[in-house]
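The structure that follows is given in the form of structure tokens.
Chain lettering (A, B, C and D) follows the sequence in which the chains are written, and residue indices restart at 1 in each chain.
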């Protein structure tokens, strides 16, 4: 039983991106989902700084300091890309025009609350960025994260302990151990890592899990760690 | 004693447009002010449909149905003209970025209230257009109009009788008989038609007039009637 | 499947528009009327429509066809006065009490549509204070100035005219053609655009005035035919 | 006198900026920092500034020069966390209680600036409900959803980077360079732009992304020098 690595989590989430979607990908694991979108799906990736249609990362020769995504990475544009200013970018986000946003998280509560902007590190300044807008206003909010903290603490909880990003927003969670839907009745597991028992998964989770009748094994191709 | 014709009223108002101003000109007399701006002043004319830098009316050969001002007139662009959409155009108007708007009016009250969108003609539908935004949010609101109605009724009043466009907004009134400033103490006449006595002007006005210490004669060059 | 928002007929362009729909129609002062789509909608004939259109009476817009066909229950606009003394089709039905009217300041009209597309449920504006617009509205003072609260307007379908589109729905407009179009495209569930030309190859990024992500369907009508009477 | 908004020095560009000014600084993710103007402002040295800037800590922005020089009383931003474990200049002063901080969701940050320039004193947004943003804010329900009221932000001076300007102040931006710039130019009494190139001849209408009517002064810095460290 080997938990998925970060690239594999990103891969798994990417398989659920539907053809024609407009998606926003957060920093970290979510950003890698762009690399694993199945090639038969034509997807536009939006970035908060106004890029609609982010392409691959720029090679050294083509890198341009004005062509960046919201994570300050120098990128390229895909065919059909457009660029707007920040006001229009967040009008697009707040107006619900993004189909799905994939975000990293520290904690997710059983009713869908998300904590992903303040890990409680002392002294460091706050960083809200676009997370609250994306979480509060996007129709589907998917979270990719490790199922537990490094010290084994649960991240899927009855109630978040860290500062909230938005309430009742997360619709799905992709972890290294499971794919979990957030339903009005709480967490519903759709996929579980092969070799991991339901009891073991529950033991690593801070809220009651239910299991879908057709709960499957969580599988991903071998991928180098991100 | 000949009252100014409509082109002369427009001319007189145009003399007060200062160098570098961004102005919006309403339908009717105000639109003619564009023709009389002194040539030493570099002025941009904005139109509510998003044109910033209206030029002269288009000749037949250059007329383009997509290049119109808010009055549906086919126009040209001046050098340096820009075009924005309606949301941005009214953000500009509401945000106070227009220096002066010159509007037609049915009535102006001594405290600056403006009535210019509904003349009370029965049966006809209402037409607000951009008048309320322009009147409420432009720093200087100048009115050009005949001093009285066709039947001799006063248009400068203690209180408007027609539906209001905005309250406490008009700063100056240019009529065929006088140039009148709207002050916190009411109407203050700065210029009066030669041959017209102060008493005669007062008789044609529905609110008390005061006269500036340096009150001058109202003069305009001979111009064909508009 | 490669994205391609181009459709081949007005029937495809308007598929799904139903009775009771809130229809936003762009165009101002003669520029940007989606007259082919408006005409097709009149022929399709959904009833009980609410039109969100700057003018209910502009002679160069075919909006009057929807009104004359008796398809319109309500108009939200900033201008509803026909030219001259005779009553326009809108004014006739309005006088007879057969069409409801909400007439707004043009900046409030455009900003309410923008708010609808931008996830802003309501905002305050000083425009209309002290006028009949104030009636029925909440008034609140900010920085010493009274303002009225205005709520967002959202729609079911937007009918917008642009100049050139690409397969992704990216748009460019000619001169004053954009006007209410971009905002309306953001505020409606279904965003339909008629264009002179719909290209297979993408528009260059610098030529795009409206990202295709706000556009659902593009219908090419050829040069000029959508304009005028 | 023919309009010409081009100035020949940073001193001219920043003339009149005073102690206590609210300074808006554009730029995001490495693109669009007006670093020549920011550096010149730090040398000019007005005190007690309030900065309205998306990030108080971006390593490619020279905003830190203003902070390190002790000129800043308050920062309004959406990001104030430096990279790594060491504290950034902002975080040091903030920890010591020497800089006040208002950290906002980025869309609320940009929309409040836009509101400041668009004559909207306040608006409602669902963003921040149920979070610490809600504290001290009015909450109101629209269409079944709680929203917070947010007020406009206005400023004294905007420092913005663009690519090309003309004598009228019309601007075009490269790629993601615009970001907060257009909104900030509308929201400030004095709008100053640094550009690679300031042309005498007007930009073609189709190339203008920001009308010059919102721009007061343009300073040409030549290609590339304004960017990066």
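The rule is short, and it goes like this: a contact is a pair of C-beta atoms (placed from the backbone, for glycine too) under 8 Å apart; a residue touches a chain by one contact, two chains touch by 3 or more.
Remember, it's a predicted structure, so these values are computed and weren't measured experimentally.
Between chain B and chain C, the least number of touch steps comes to 1. Distance from the centre of chain B peaks at A, each centre being the average of the chain's Cα atoms. Averaging Cα coordinates per chain places chain A and chain D 29 Å apart. Distance between chain centres (mean CA atoms), chain C to chain D: 33 Å. In terms of their C-alpha centroids, the spacing between chain A and chain C amounts to 36 Å.
Each chain gets a centre from the mean of its Cα atoms; for chain A and chain B, those two points are 56 Å apart. Residue positions of chain C with contacts to 2 or more other chains are 111, 114, 118-120, 125-126, 175, 205.
Annotation for chain B: residues touching 2 or more other chains are 83-84, 91, 93-94, 137. Chain pairs that touch, as defined above: A-C, A-D, B-C, B-D, C-D.
Across the complex, chain B is touched by residues 1-3, 114, 116-120, 166-168, 170, 186, 202-203, 205, 208, 211-214 of chain D.
Taken together, the chain A residues at the contact with chain C in this complex read 19-20, 22, 40-42, 44, 46, 52, 77, 79-84, 91-97, 137. Residues 28-32, 54, 56-58, 60, 78-82, 85, 87-88, 90-91, 94-95, 101, 103-108, 110-111, 113-114, 125-133, 163, 174-183, 227-228 of chain D are the ones touching chain A in the complex. Chain C contributes residues 111, 115, 118-126, 142-143, 145, 147, 151, 172, 175, 205-207 to its touches with chain D in the complex. Contacts from chain B toward chain C in the complex involve residues 48-51, 64-72, 74, 83-87, 89-91, 93-94, 113, 123-133, 136-137, 163-168.
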